[in-house]
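Residue numbering begins at 1 within each chain, and the chains themselves are lettered A, B and C in the order written.
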Amino acid sequence: MRLSKLLQLPLVLTSLLLPLPVATEHTSNWAVLVSTSRFWFNYRHLANVLSLYRTVKRLGIPDSQIILMLPDDMACNPRNAFPGTVYSNADRAVDLYGDNIEVDYRGYEVTVENFIRLLTDRVGEEMPRSKRLLTDDGSNILVYMTGHGGNEFLKFQDAEEISAFDLADAFEQMWEKKRYHELLFMIDTCQANTMYSKFYSPNIIATGSSEIDESSYSHHADNDVGVAVIDRYTYYNLEFLETKVREPSSKTTVGDLFDSYDSAKIHSNAGIRYDLFPGGEKAARERLLMDFFGNVQNVEVDTTNSSSGNSTDAEWEEDILALGKKISELRKRQEALDLQAQAQVNNSSSVPPPGSLKSEVKLPTSKIRAAKVEVDNSWFGKKAVGAWALAGCSLVWLAGSYLESSPSAS
Amino acid sequence: MALNHQDASSPAAMREPGEDSTASVRRDADAPKGAVVAATKRKEPPPETLGSIHLRTTVILSFWAIIVFFGLPLWWKTTAIYRADLPLDEMMDWDKGVACRPVFPLRISIEASSLQEHEAQHLLRTTQHALDDLNDFSAHHLRLQLAQPANASISADGSTTGGLEDEVALTIKVLPGPEQASELQSYSPVLDIYYTPNQVPSSSSSSSPLATYIANQLRTIFAEEQAMIAHLLSTSSAPPERSPKAPPPEVAEALAKWTSRSMKYSPTYHLTFSLFTPTATPSSWDIETAIEEHMKPLLDTLSSISNFTIDTQVQLYASPGVSGALLKKEDLSGFINAAEWPLSPSIGGAPTINFILYAGDMEVEGGGRSWLIPQWGGVVVQANVTDLRPTMLIFSNQLLALLGAPEAGSLPLRLMTLIRVRSAGLLLKASGTLGSLARLTRALPSISIPQSVAEGVYTTIEHLRKACDGLGGKEALRNARIAEEAAEKAFFEKSMVGQVYFPDEHKVAVYLPLLGPIGVPLVMGLLKDFKAWKKRRSAI
Amino acid sequence: MSIDRRKAALFCTAAAVRLLLFTAFPGLPDLLTGRVEISTPVTSFKRLQEGLFLYNHNVSPYDGGVYHQAPLLLPLFSLLPNSLDYPIFTYIIYILVDLLSADALMKIADSGEARSSKLYTSPRKDKKWGSLEIAAAFLFNPFTIATCIGRPTSVFTSCAILHAVAKAVAGSSLTSIFALTFAAYLSMYPILLLPPLLLLCFDRRRSESSINFFLGCASAVGGSTYALLQMSYIITGSWEFLSSTYGVHLLLPDLTPNVGLWWYFFIEMFDSFRNFFLGVFWLHLSSYVGGLTIRLRRQPLFVVTILLGIFAIFKPYPSISDTSLFLAMLPLYQHVFPLMRYTFLTTSTVLYATLLGPAFYYLWVYAGSGNANFFYAITLVWSLGLSVLVGDILFAVLRDEWEVERPEMKGKEIRQI
């Protein structure tokens, strides 16, 4: 990637001749998995997201790089016949809610504003790192959303909606700030394809479950749970990922996944958008699924010390010697500086101490005002103030009454 | 009930009265304000008095006065999107690299006490000449100077202190020796060059083997730094003619690796040292002293670039993500058991660098017991944890690699290079952020831009200017750091979020339900009064 | 004499009823204090206690964002013993305030201003209630009693407004203005009553040039406002109280439900339009002042009455205390009641809302079987009922005026077209 970038201005032709794998390089993988609907009958949306969560975790993305947004807690819903669990299949083979689940945004935290803040990283100081999308220009991001949507919008909770324009602008802001390298956008909702129709930022592959004026359907219901447990589009995506992408070294491509979409099974026409991707359809289809669903770690094995312990030991020794010397030198210099600083202080003696003194004095007083509740020693003073205020007001009143009553009497 | 006015009157008769002439428009306090027209059922009601007409007009005007003098300014003020003025063109200039031409003039002083003054001067000239011939990258050039005599430099040390020291990137000591050789001192940025007497250049020749040798040595030493800076410049949006020609593929690959390996710059890093053991033993390690002895010195030397905070942990019965005594290279990325090992991102704001010692007996296929995970940390597999020295040495090398230090050279040189590369990187990043912000401001006209963003932008530009002027020194790093921080803060301003997209039909839906019921009677009242006024005028 | 004795009897009975309620049902005051219909964020007795505690412990009462009431209330209440230990003192204060209000109301009624002002005399001026009946209607109004038991600080505002009107009717402009600025100092919105009140004052004083009078009044308003604010500044030690009291009235940061129309609307409002609609709502509230004062120039007391009705519906944090103030003034116009047309509708709507409001609030907040729309719907009905009442009484007064112009139409039906 670096290389091709280096060359791309003068030498477009040569970059085409270069082997493609170089261009796929990214340094980290992130996943943003969002369900946007709450309430029990939307069980399947949370199950969708949790299934995908399980899959990307299985393929190696660590929890710290998965942002999971769940607006409701199905596992602890009083209507759940299997408390503490969430299943996405009627066979109930895999409990998606296992012991290792880290929900980053939950309940009423799942809002349009928080979602856009997450993407654009416009968050306050108070936001912990685990709830932020700390991506850079080397990060591939998988964004998966599911919920109830319509033409160019996706409903969040029951109160608000995100529009396709807002989403497109958010991605543009991410691209502008180099917050992603490549982005795979998947959405499972009614009229899903309209949601990515407004994107205009490069390096995005987008796919959705259904066309405009088309609904997305659930796959099947679990009669004991009592509601539908998964949506069709997500179900077939997962089926592909479970059967074809068994281990992190899988070479299955994005194209393979897209080819597996069958409108007869999904009951809606899944859409795919390649035109934002450099290289268009061909390049996009050749991306590995693991580039988005797995975690890349190009580990570098230290071979220097592998050959033999002895020869390298000398090197280390040398290094530590250098360090030691450097340190002693630094210390010496530091001492000299200190002496110098002291001399300066002595020369211009009076200036710094008052400043430091003042700051020391100021701090405690400002603190008391905010936090410390004193035992009330001056209750008498308060009463005096009260009496004074009361007397003042009534004096004004009486004086006014008197002044005005006398002329009218006369 | 109380309604005792029950004149029988047919509905037809009631609708009859002229709606204009005698109707007395009255304000009803009911919401929405409705014009109440009371009229009699008689066909020809008496004409309205002038007084009541006047009264009605004043009442209508009193409502309209409030709308015009308070309502409209309010509407204008509260629905306007505040957009602070940003120096957009200047920001774009920084982004395009027009505003700043990053140059790294490195001063290299030559100490040649064994040579005559004129010989030294000549050597300096020829070497500089040779260097200039070799250099093809104008942004990074080495400038030679003669060192002051030793005693003078000592006396000068007291007064000019840092200035001299900051400026001189490397000191060359030219010493007579049995054969031509060079040696980089490992504890200070000094290069010893030994020459044989016959190499002393004659004042007549335009070049000398010694000069060429020195030039080549210098070039070798600074090649990596030059490549790094060139790479940084080329990946930024600086104009292409400034970038040097493309490096050879193997260098490019090394640079790409360097980029992907090194952490993003942060003023503080958090180091986590973790011991994972597969069983109950070893349950402790002497990490405090090891850090104190082996890690602290290195961290102290790095303190001019970043600060570090440290914590440690021990986990028993920890199983890695892959098993087997021989680890395949592809499996290494799965070695870290992200699901079970408590390696959460740090709680504070600083990025974490993880160092993991796994107390197991494993080996990577093809040899090696330690590896580095780019932008994340390092792993060492070692069964015996009594002697932590080798582990700590590996960790410290990994740390330097993760911080983006060059691989070759003596430690002081590597650190100075790191400072220069970091300040260049920060400078470019801040410039890029400014450009992003400017483009975003233009692209999204409905996003609000608070004053704090404008302030941040001006701070950034000010410090970028300072950093750009003094590139190569420590001050530049400080300025670039401030600039980058301010730029990031301005770009990620918290209040610049909101639903930007607000179509016009939504606005109708917002305004109409409330303002419609209020507005209709007001407008109708005004129109009616206006019509009556015209009629009266024409009648006169 | 007999009037005085009857008045004393009336006041004693009213005080006894309240004392009985306070003491016989010890849980009642706290229950009512917590009701959203009675306590709003800017008048709540609970919040006053919080502010008082902070004030007594030398912490700024506005730290913590709970207390939004005027600073002057704090030293006044700190004069009383702790209301938890000795609640009886607080009870007595609130009962006294009610009686003072009733007294002012009686003075207004006695002046006969409602039936015959300087510029206008109603043809129905002989049909009247005595001041005792009017005071009784106020004192035994269940809304008034509930307000007294719930102890919101809005009763002080009501009392100050009534005294301002009583003094204005007596022609004492200075005290009237002082009372009004005190009311405005406590809850801000009463300042909108200034134009009709000045006219009322002006009408009741015979000999003075208008310019002198209004200049004098303006300086009196300025002076007393300045004095009150300066006093508050001395008490709290900073100007922070301005934003925590009047800022809250203006910007509505606390969206606790109440009987008004604002809270639900601003919960639902898009953030970017919030400020605009805050302005619209405030302008809407104040736009009535000018129009009504001009239209009803001849009956300024009625302008005050009708504005109180409008405020009870449209102000940012209304409670039934504001309604009880409006209902207190209303019987002054008992002589035009026969001209009203929708008394049955109004009465039944208000009763309906009164009974169902607490029920729906319970369904929403405690039982969880309803949602916010339940309660909001009932506040809409409540506001509708009050609006019809306000519109109806306005119609009746206008008709009354009209019949002076057109005596031949008396007793005949008219029709709106």
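Odds and ends about this structure:
FYI, a contact is a pair of C-beta atoms (placed from the backbone, for glycine too) under 8 Å apart; a residue touches a chain by one contact, two chains touch by 3 or more.
These are the chains along with the protein names UniProt gives them: A = GPI-anchor transamidase; B = GPI transamidase component PIG-S-like protein; C = PIG-U-domain-containing protein.
Owing to the predicted nature of the structure, the values given are computational and were not obtained by experimental measurement.
By C-beta contact pairs, the most connected chain pair is A-B. When chain centres are defined as mean Cα coordinates, C lies farthest from chain B.
In this view the innermost chain, defined by its CA centroid being closest to the centroid of all protein CA atoms, is A.
Mean C-alpha positions place chain A (GPI-anchor transamidase) and chain B at a centre distance of 18 Å. Centres computed as Cα averages put chain B at a distance of 56 Å from chain C. Inter-chain centre distance (chain A (GPI-anchor transamidase) to chain C, centres taken as mean C-alpha positions): 51 Å. Shared interface positions of chain B, i.e. residues touching 2 or more other chains, are given as 498-499. Within chain A (GPI-anchor transamidase), no positions touching two or more other chains are listed.
For chain C, no residue reaches two or more other chains under the stated contact definition.
For chain C in complex with chain B, the residues that touch the partner chain are 270-273, 275-280, 283-284, 286-288, 290-292, 294-295, 306, 309-310, 313-314, 337-338, 340-341, 343-344, 387-388, 390-391, 394-395, 398-399, 402, 405-406, 409, 411-417.
Against chain C, in their complex, chain A (GPI-anchor transamidase) makes its touches with residues 369-370, 373-376, 378-379, 382-383, 385-390, 392-393, 396-397, 400-401, 403-405, 408. Considering their complex, residues 1-7, 9, 14-15, 17, 19, 23-24, 26-31, 36-41, 46, 49, 55, 58-59, 62-63, 65-67, 70-71, 74-75, 78-79, 498-499, 502, 510, 514-515, 518 of chain B touch chain C. Across the complex, chain A (GPI-anchor transamidase) is touched by residues 54-60, 63, 72, 74-79, 167, 170-175, 178-179, 182, 224, 227, 231, 235 of chain C.
Those residues of chain A (GPI-anchor transamidase) whose C-beta lies close enough to touch chain B in the complex are 1-3, 5-7, 9-11, 25, 27-28, 57, 60, 62-64, 100, 112-113, 116-117, 120-125, 128-130, 134, 136, 138, 162-163, 165-166, 169, 172-173, 176-178, 248-249, 295-303, 305-307, 313, 316, 318-327, 329-330, 340.
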